[in-house]
Structures are given as C-alpha cells and as structure tokens.
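Look at the two complexes coming up: chain A is in both, with chain B in one and chain C in the other.
Up next, the complex of A and B:
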C-alpha cells in the first residue's frame, strides 16, 4: 500500500464542519449526512468536507486533538516516554496535514501546530528507526506495535518485510555451529 | 439553490436495507456494513501473502449496489453539477475503487502463484478458477515452446508434476501487521529455524492491540476473522 491509499482511508473519517448553506439530508451509502443548515455544525466525512471547503461552502471545526494545547501535550508525552504513546486517531498525521492544507485559516495557531506536529513526527520516526534495528537484531518472532499510526506502518512495511525476509534467507543457509 | 426541492436519490434503497437489517442473516446487511466489510476484505487481501477466501457475497452485493446507484445517477433529474449529485457520484467512485482494487489484487496473486491458487480451488470464485487454469496452461505452453524444446533431449524434463513442484510458492514466513478484533489467548509461536528446542513463545493478545509477526502464526486467526491486517 502506498501513502495515497492511507490518504483514501483517512478521508472516511468524520469531521465537524459549519456549513453556510441550506440543503436537505443526503442518504449516502455509509449513512445519511445532513441536513445542512447555515451556522449549525454537523459531522461529515472528510472527503465531503474537503469538497465543501474548496467550494467555500463551509468552515472546519478544528478537531480537539489539533489544538495547540493538545498537540503540545502529545509532544511532551512522546518526549518523556521511551516507547510510543497513543495517538488520538490512527490517521492523525495524514488528517492534520490534510486539514492544514485545505483549511489552515480554520485552525487557530495553525503555523505553530504545524511545527509541533513536525517535531512529533520526527521524534516518532527516530523511535521507529531504532526499534526496527532492535527487532532485526533480536530475531524475535513478533513485536507489539499497538500505538503506531497507519502512515507509519505504511512507511516501514515494505522495508521491514523485505529486510526480514532477507535475514531469514541468510539464516537458512548459514550452517548451524 | 435549486438543490433544495430535490428527490432523494438513494432514500428508497436506504429504507429497504434498513428493514433487512432486522433478520440476523449473514447475507443481508446494510449498505454501510457492506462498505465496511468490503473495505476490510480488501485490506486483508492486500496484505496477506496468500489468497484468502473469495468474498463472493460481498462482491455480488456491491456490484448490485453500484449498478443501482449508477442507474439512479443517470436517470436523476438533478443537474450533474448539483451538490447532491456530486456527492453521490464521489461516493460511487470511492466504492468502485475498492471493488476494483480487491479484484485486481486477487488476480495479481493468481498470476504470481497460479499453481498454489489451483491447489486451494475452494478459495477462488468460479471466474477466478477459470482464469487461473487458463493462465497456468498458457504459461506452461509458452515455457515449453520457448525453452524446453530448445534444450537437448536429455535435458528435457517432461514430467509435469515434477515441473509444477518447481513453481514459486507464497512465502508464509512473511511478516505482516495486524490488529486484533477480539482477545486471543495462548497464541503459540513456533520457530522453525530453531532446532535446538528453544522455548516457543506463547502470547496473549488483547483486543485492539497491533502486532507484527510472521503470517504463518496468524493465518488461522484471519480465516476466523478474529484479527484484521493493517
């Protein structure tokens, strides 16, 4: 899977928007959305929110996990713990990027949050790299990766799969001492 | 906006399916469940090194749903630029993508390991079965014509069964990521490379935990739908 498909999956997540137009309910395959009333916030799938935002028919309600305070808190926890901390949403990095690309003006302190998210991302990536090394060296049969987000899994999947396969192949031909 | 006095494109459909939800039969589900289960089947298929069971019901139901939506979209009185029409169209495309990708992924695996696919015919749909047979025969024919007949007669190996054994097989030792839907207790991990009799790991998995491990350990759990691949 590549990043595009993670992006696709992330767009199924719901987000609150405030529309500025009136429209009756729409019955989608995944359940009904609406009715849309001006200034009344409602939950819509991300892909719809993007469309609405791009045609200037709504503004985003910043999700709770994307406020300055909560991102700072996440970063602090991530720095304090040696292991991965739990993320508020499995698509947190992709979603925050999408939201800030489409609707930066709807995110208070958007630029600051973007920097913090970048720090968080770098920190987790560094942890990821070192834990991959440990996994490969230890030759253990499994690893618990509960708090990894989708995009991180996607990033390391191919590399990890191929390298572990090669290690296994090499081990097969090394004569037992 | 002219979109306000609109006919619901899908509402009829929605009502029918909600009624169906009441009986607890496996082959009736709401369109929402259908979407979710197809998406899960697609992801499992994508990440698993072997072919999984073909979700015939899901695929047929999705085709039906897509046909239905397409008809409604075509006959819709709305302008093709109206908000409602666009949203239905987008969702149609999103579902269509998953369905196509699911079928493509399976075809790709059949092409990669045709013999392995035919060994477990019960996992294939009838169409896939025909495809796998044709593919394998064409491949054999092609290789015979281009390679075997050019070799010296003593180098020609004509025993078909022996040749089939040489075909690549899916690698069950591949590592996969998965998330548990339910708690699984006492999953035993055995290590083949370890002939010294080192203790095998026994693992208790809690629901929602994510792990990475070799596919052979969890093949059974996937078939039983206790975990899903991520």
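Up next, the complex of A and C:
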C-alpha cells in the first residue's frame, strides 16, 4: 500500500459540509447521503465533498480537530510525550492536507494551522526515525509502537522492511562468537 | 424641555463652538459634517469633512477639526476648503482648546500638546504623563495653566510655559476609552473665584488653585445621575451642569441654587457660550442636535441679587480668613447650607418631578435578523431564501440555494442602502438616509425593466421595509405604512398610533409592531397591528414584555404564527384563540438555553413549527453579540423545551413535549399527529403510575382519546394499579365513546350539507383557513423523503418507556384504524360547538362553496397521502420551487 492508496482510502471519511443547493437523497454503496438542503449541514464522504466544493456547491464545516486551538493542543501533547499521542483521525495528515488544498477559505486561521500541522508532522517523523534507530541498535526482536497514522506506517514500511532484511542478512554472515 | 434642532444624522459625540465675533457658530458630529450657522440670518453652510468628527475649534480663518482620520484637519473658514493638516497621530483628536493664538490638542493616544498658531515653525510643546485618552482640556491663559481630564482617572494641571505638571488629582472614574467613559468630565475654570470645577459622579468638586484642596462641592440630592460637563457663564453668576440622562441644570455659582432645569432626550455633550450675547449659550447633545438657551432671566432674578450680596460677603470672609483656610472652608460650607435653605421647598420638588416624568427611551426601529447598524460590515437580512450583507460600501445578496439564483452585488456608495428584504420574487432595498427605495424583480419575465425606484418626500424617512408575497410595505418616520404592489403601484397608506418598531409578513398578512402611549414608569409600551390584506381584516393589541427589556426579533413561523423575541431571551408567541383573538404566551428563553450549552446566545433566524415540532433556526454566538460575516456562520437547528418549571425532570419534559404538540399543530386530523399525542400522553401516564400518582394519572387519562385509553387501561392493570384501571373503565371509556360517537354523527350530518372542511373557506375562522392554505402549499411542493436527524420526529428516536406494551401498541393502533380518521381529540365538545357555528355561517355564504369544494378535494387528497407515506415537513423551510 503506498501513499496514493492511503489518500484514496482517506477520501471515504465523512466530513460535514453546508450545501447551497437542493437535492434528494443519493444512494451509494456505502450508504445513503442526503437529502441536500441549502444551509443545513450534513455529513458526506470526503470525495463527494471535494467534488462539491470544486463545483462551488458547498462550504466545508471545519472539523473539530482542525481548529487552531485543537491543533495547538495536539502539538503540545506530542511535544510533551516521548511516545506517540493518539491522533483524532487515522488520516489526519492527509485529510488536513486535502481540506487545506480544496477549501482553505473555510478553515479559520488556515495558514497558521498548516504550519502547525507541518510541525506536528516533522515532530512525529523525527520520533519515528529515532525509534527505528533505537530498534536497530538494541537488536531486539520487535518494537511496539502505538497511535501511528496510516500515512506514517506507509511511509516507513518499505524502508523498515528492507533495512531489517539487510540487518538480518548481515547478522547471518557475521559468524557468531 | 430643551428645544433641540437636529443637525447631524448620526448620534454620538457632537461638538459646538462659536467664532470669536459671535456671528457664527459651528457644530460637528459623528456623520462627519461641519455645519456653520449664521446666528442672525439662520443661514447654514455644510462642510463635508470626514467620516466622523470628534471636536472642533475655530480661529479667525481656520477651522480645526479632530476627525477619525487620526489627524488634526484644517479647513478654511467660512468656506471649508481643505488645507494641509497640522498634525498626525495614531488615534483621533478627542479634545481641542483655543486661547488667543495657542491651540491645545488632546488625543486618544494619550497626548496633550500645544502649538502657537502665530508661530510658523509648527513646533509642538508636549504635556506628558497621560496614560489614557484625553477627555477634555481647559486653558486658563492668564495664569498660564492648562487642566486636562483623562480616562486614566486623573485631572492634571500643567504650566503652559514650563510644561511641568503642577498638580494631579486622581478623583474621576477610570475608563478605558472615551466611548466607554461614564462621564465626559468636561472641566472648567471659575476665573472669578480662582477655582477649578471638576464633575465627579453626581457632584461637582471645586478646587482652589493655591494648594489644590477641595473648597466646596455641589450636589443635588435628588439627582443620582452622573455629570457630564460643567461650564461657568461668561457673566460669572451661574454655572451649567449637564447630566448624562439629558438634564441640564442652571445653577447659581455661589448659592448653588438651581434656577432652572431643562431636560432633553439625550445627554448634552458640549456647550459653548455666545461671546457677544453673554446670556446665551448653545449646547449640543449626543443625538447630534443643538439647542440655544437664554439665561438672562435667571441672572436678573431677585433671589440672585441676594446672592450677589452673599458673594461680596463671601469674598470678604475669604480675604480675611486667608491664614486659617480650614475655618474659611467651614464658613463656606455654612454659607452653602444657609443658601440651600433659601431655596423654596416646592422648587426642589418640582425639579424632582421633572426628573420622574422624563420620557422613557424608546427603542429604535429594527429589521428582524439584521445586525447592528453601527457595524461596518453587517447583515441587513437573513431569511429562508438568502442573506443580504453590507460591507465595503457594497450590498451583496447571496441566495442559500445558488441553483435558484446567483448572488447579486450592488454598489452602495451613493445610495447608502441600510434596509433590505428578500422574497422569492423580489429584492427590496431602502435607505433611511437618502430616502430611496429600490425594488429588483429578479424573477420577472419582463427582462427589460426589472427594477424600479421611488423616493420619499417631505422629510419622510424610511424606517422599516417589508416584502410580502404580493405587496411591499414601508414604515416611515411619519408613522405611516405605505403599501405598494410589487411592480410599484401605490395602494394604501395606513396610519399608525406611534413610531414603528418593526414589521414582518407571512404570505399576505402583515404584522406591524409600534410604540404606543406611555407605559409603566421607565418602561416602553408596545402595540401591534395585524393586517390581512386579502381578507381585509385589521386587528390591534398590545404586546406584553418582561420588565425593562426591548424587542430584538419579530417574525412569523413557517406555519404563520406570530413570534417575538425580547432582549432578555424570552421568545413568545401570539396564539389564535377560538374567538379569533391573540393570546400572548411565553414559549421559551433562548438566552438561558444557550447558556446551558456554554454559548453566549442564539441569534434567531426563524421558527419551524410544523405538527407539534418546535425547531429554531439559529446561529450560535460564542462571545460576540452579533454573527460575523467571515467566516460565514453555520446555521444550527435546535429544539428547546418550553420554559416550564423544573424542566430537568422527566415530568416537565414530557409536559413540555405535550404542550408543544398542542400548541404547534396545524391539522388535528393527521394520523401522525394523533400518534404523537397518544405516545406522549401514554408516557406521561406511565410516569405518573410509576411515581404512584394515581390522581394525576387519571387526569392525564381525561386528555386521551379512546385508543390511548385502552392502552392506559392495559398498562395500569399490568402494573397492578387495579383501582385506577377500574376507575378509568367506569368513568372515562363510555364517556369518550359517547363523545366520539356524537362527534362522528355531527360530522356526517354536517357533511351532508357541507363537509366540515368547508369551514376552511369561510373567512371568519382564520385559524382553520391558515391550515387549509398551508395544505395547498404543501401539495404544490415537492415531497422529499428525509432520514436526516434534525427533522425527524423527536419521539421516533426515543424509546417508549412502556416497553412491554410496545408490540401491542401497534396491534392496538391497527385495530383502531377505522376510527382514527374520524376521531377527534379530547376537546371534542369545543369542536362540536365550532362546527355548529360554522354550519350557520356556511349556509349564509354559499357562494364560497364552489371554491371551497376544490379546496376540500385537495385537503382530502393530502390526508390520504399522509396516511400512506410519512410526509416531510421540511419543504416549508427549504426554499422551494
């Protein structure tokens, strides 16, 4: 599974939007959406929200976790804890990226949040790298990591797999004393 | 009463000053204009200066104005040509003082500076130490002193030449800005007595200038209002005190004897003495008005001669007792006390009576859902169809459903529209300032001329506008309601009893709220006029308010009931009684409910009340008092309980649900409605049974119909309340059956002549005609199936309390089905009476019967439909077509 697939999966998440048109219920495989009524917020899948937004048929309702306060709080917690903190959504980074790209004007303090999300992302990646390093150095058989988001798992999977393989190969070659 | 003349269109700080020769006086106000008045010929010259003017001073050929552009603007006098400005600041100039050629400037950015106008070097001399905006300043040139009052709570006295602080008095009330200051603290020097007079709360302190100790205090016991300004007359015998409630007192300088009291609606904020006629002064009020006052009669009063003597005495004692200050102070106090006794008792009483009869401040007119007109960017309207916003001198009309119409932007620079309304066929904009009315028929088939305008005449100001289905109504300052057709045909002019507050319409019914005659002390009295244009009916009544509050929203609910909201949060409804009158009833308190949800308030947009549901469309306000334009606010739909006592208990909540069903039903023969009512009653019954309150349970049973009664009997027998069950069987079941039977018979018998729903056509019973017109509308509208949560039946989601019976409930209902359509509710007696009445009526006007029959067919069709599929109530809310 690569990043594109994660992106694809993330678009199945629900987000509330405020439509500016009227339309009866739409029946989808995953469940029905609608009815759409002007100004009444409702939950639609992300892919539909993106499509509606791009055709100027809705506004996004900024999710609770994408406000300046909550992102700041997340960053603070992430900084304080040595381990990973739980994210409000498994696709938090990809979703925030998508929302910012599509509907920056619907997110209050969007630019600041973008910077904070970047900080959060960097912080978590740094943690991830250091924990991989620790794992390799300690030579233990496994390491338990919690609260990783999909995209992070996806990002390290290939690298971790190959590097562990190399380590194993090298260990096989080095004769034991 | 002060005979005021309106000069500036926007209320707020207004300044006034005289030219040195007394030939002209100038006023400036918050509308940014300077008016130059000729005192002899009454000629007026207008100078457009800025958006707001705060203070002005005039010197030979120049006018100095402190404006919102944060600079000291200079205009030529008398023509007002713009000259290069003298000084720039970071905040507006708030106080100006002129003494010969020295100009003193006090600003909101804590600065006081002086410049010499004869000196070309443009050098400023600063007086430092202020820690807040400057309220006022006053120069004593002979002594080379300047006194300043400042929002940081201090009055400071500086030496002009050395620019050093002589004395600082921390006596006035602290505030953070001039607008929020409780008093304007306009100080004045008494040059005869060498004192500095400072208004402190409701007193004036007089400080002598040698050691800066308090010499005496003026206080009027009957007044607890704060004093805004004090000013000594040029002749030196009187001083003027102005209170924030608009009263001004003319007081003898020495005896503190009140010569005259004038009252006005708004506080006097500035006062200037006529330099040539020293007995006259001109003052300006916070409403942008000015008034001339002549004080000559008070100077030549016999009592004042008495005081002249006193004054001489006073002076002599002063000079004698110079060494022992404290004694002289005491003496002075005594003198004052003695003098106070001279004042006749009746006069004091009279003055206090003047205070009491002061008129109540009547609230201004407003358009429902528009935000404060003092905001730079604001909503003019938000209704079901769209929102009209005003920002950057542009009007934007945004439709909620963009597929209905794209948004429209109109330039607002010249016309200054500040009122707006929107319907499915037209946009209406009006300006209270320019008196222009614009109507855009955006859905008209006539594509050449889609808009028309009209101007008001004879100083008539537009206060309020409204768009109904077929006509436009305009409320004006002359207490008139002018009706136009949509295309602009002038139709009717209706007179109102008092100034209009607001109006609202539903289809072709117009509801006008206006001030009526004097209410209880310190409260306003509000009345309404209810017009039905189609049926030509005119109803009036008074609108009850909670104490000391004002209206902030009025409007019709989606089903056409009148609702009004007070600032205290109380939402009330006018309920139609059977006698076609309005009963005002309290529904809920929005503010309290909002506070329960940790919100500041709800901004009400509309009420949806179909079939026993009571949903409010609101914008949630957190911290702010009005919704912002950016980001575009989210509409939420809330269901609030009625404001019953102990609403947190289950009992009160069920009662609230039941009352809602009773209050907000439009058609009583709807099966869903009956089911809801039964469920609610059964729940209440079960709860009372659980609590062992059998008497209450029995009372609830009296409200039930026979279907529900069966369930109640079952429930009570199962839960072991046999006496109760027996009592219900004995007393209620037969009675109910009889009632229903008689009702059925009446129905059949009446249907032979005229079916009961023909009642709908008769214009006399408007309650039912409401519902019938509604049905028509509903039938026209597309039906959408919803599973969306906010509009679902609240009872659907909740589980029935009496679960053991749940399966049997359905059986019972299906068994009883045949009777359902014909059964009426508990109030059967009343309905029979009503139908009887209508039998008589309908025989009289049989002309209607054709029309009516068509209506009946429709309504019956709908009844059938409703039994087949669950109808969605949302169509009314959604903008449809």
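Note that in this section the second predicted complex is superposed on the first by the 177 of 177 C-alpha atoms of A that agree within 3 Å, B and C clash if a C-alpha of one lies under 4 Å from a C-alpha of the other, contacts with A are read in each partner's own complex, and residues count from 1 in each chain.
The criterion applied here is as follows: a contact is a pair of C-beta atoms (placed from the backbone, for glycine too) under 8 Å apart; a residue touches a chain by one contact, two chains touch by 3 or more.
Just so you know, these numbers come straight off a predicted model, no measurement behind them.
Chemist: Looking at the overlay on chain A, is there a clash between chain B and chain C, or do the two fit?
Modeler: With chain A aligned, chain B clears chain C, so fit.
Chemist: Taking the superposition on A as described, I'd like to know which of chain B and chain C A:129 touches: first, second, both or neither.
Modeler: neither
Chemist: After lining up the shared chain so the two structures overlap, which partner does A:108 touch, if you call chain B first and chain C second: first, second, both or neither?
Modeler: In the superposed model, A:108 contacts chain C only, not chain B.
Chemist: Counting only touches as set out at the top, which of chain B and chain C does A:144 meet: first, second, both, neither?
Modeler: So A:144 only meets chain B here.
Chemist: Mind telling me which of the two, chain B or chain C, contacts the most residues of chain A?
Modeler: Of chain B and chain C, B contacts more residues of chain A.
Chemist: So, A:76: does it touch chain B (first), chain C (second), both, or neither?
Modeler: After superposing on A, A:76 lies clear of both chain B and chain C.
Chemist: Taking the superposition as given, does A:59 touch the first partner, chain B, the second, chain C, both, or neither?
Modeler: In the superposed model, A:59 contacts chain C only, not chain B.
Chemist: Based on the superposed arrangement, let me know which partner A:38 touches: chain B (first), chain C (second), both, or neither?
Modeler: second
Chemist: So, does A:21 touch the first partner chain B, the second partner chain C, both, or neither?
Modeler: Both partners, chain B and chain C.
Chemist: Taking the superposed arrangement, what is the smallest distance in Å from a C-alpha atom of chain B to one of chain C?
Modeler: Value for chain B versus chain C, nearest C-alpha atoms: 7 Å.
Chemist: What is the shared patch of chain A, the residues that chain B and chain C both contact?
Modeler: 21-22, 24-25, 32
Chemist: What part of chain A is in contact with chain C in the complex they form?
Modeler: Its residues touching chain C are 18, 20-22, 24-25, 32, 34-35, 37-42, 56-57, 59, 61, 105-106, 108.
Chemist: Please name which positions on chain A make contact with chain B in the complex.
Modeler: 1, 8-9, 21-33, 47-48, 51, 135, 141-148, 150, 153, 157, 160-161, 164-165, 168, 171-172, 176
Chemist: Any idea which chain C residues touch chain A in the complex?
Modeler: Touching chain A: residues 399-403, 631-632, 634-637, 784-788, 790, 874, 877-880 of chain C.
Chemist: Which residues of chain B touch chain A in the complex?
Modeler: 1, 3-4, 6, 8-11, 13-14, 31-32, 34-35, 39, 46-47, 65, 69, 83-84, 86-88, 90-91, 94-95, 97, 171, 173-175, 177, 189, 191, 193, 195, 201, 203, 208-214, 217, 230
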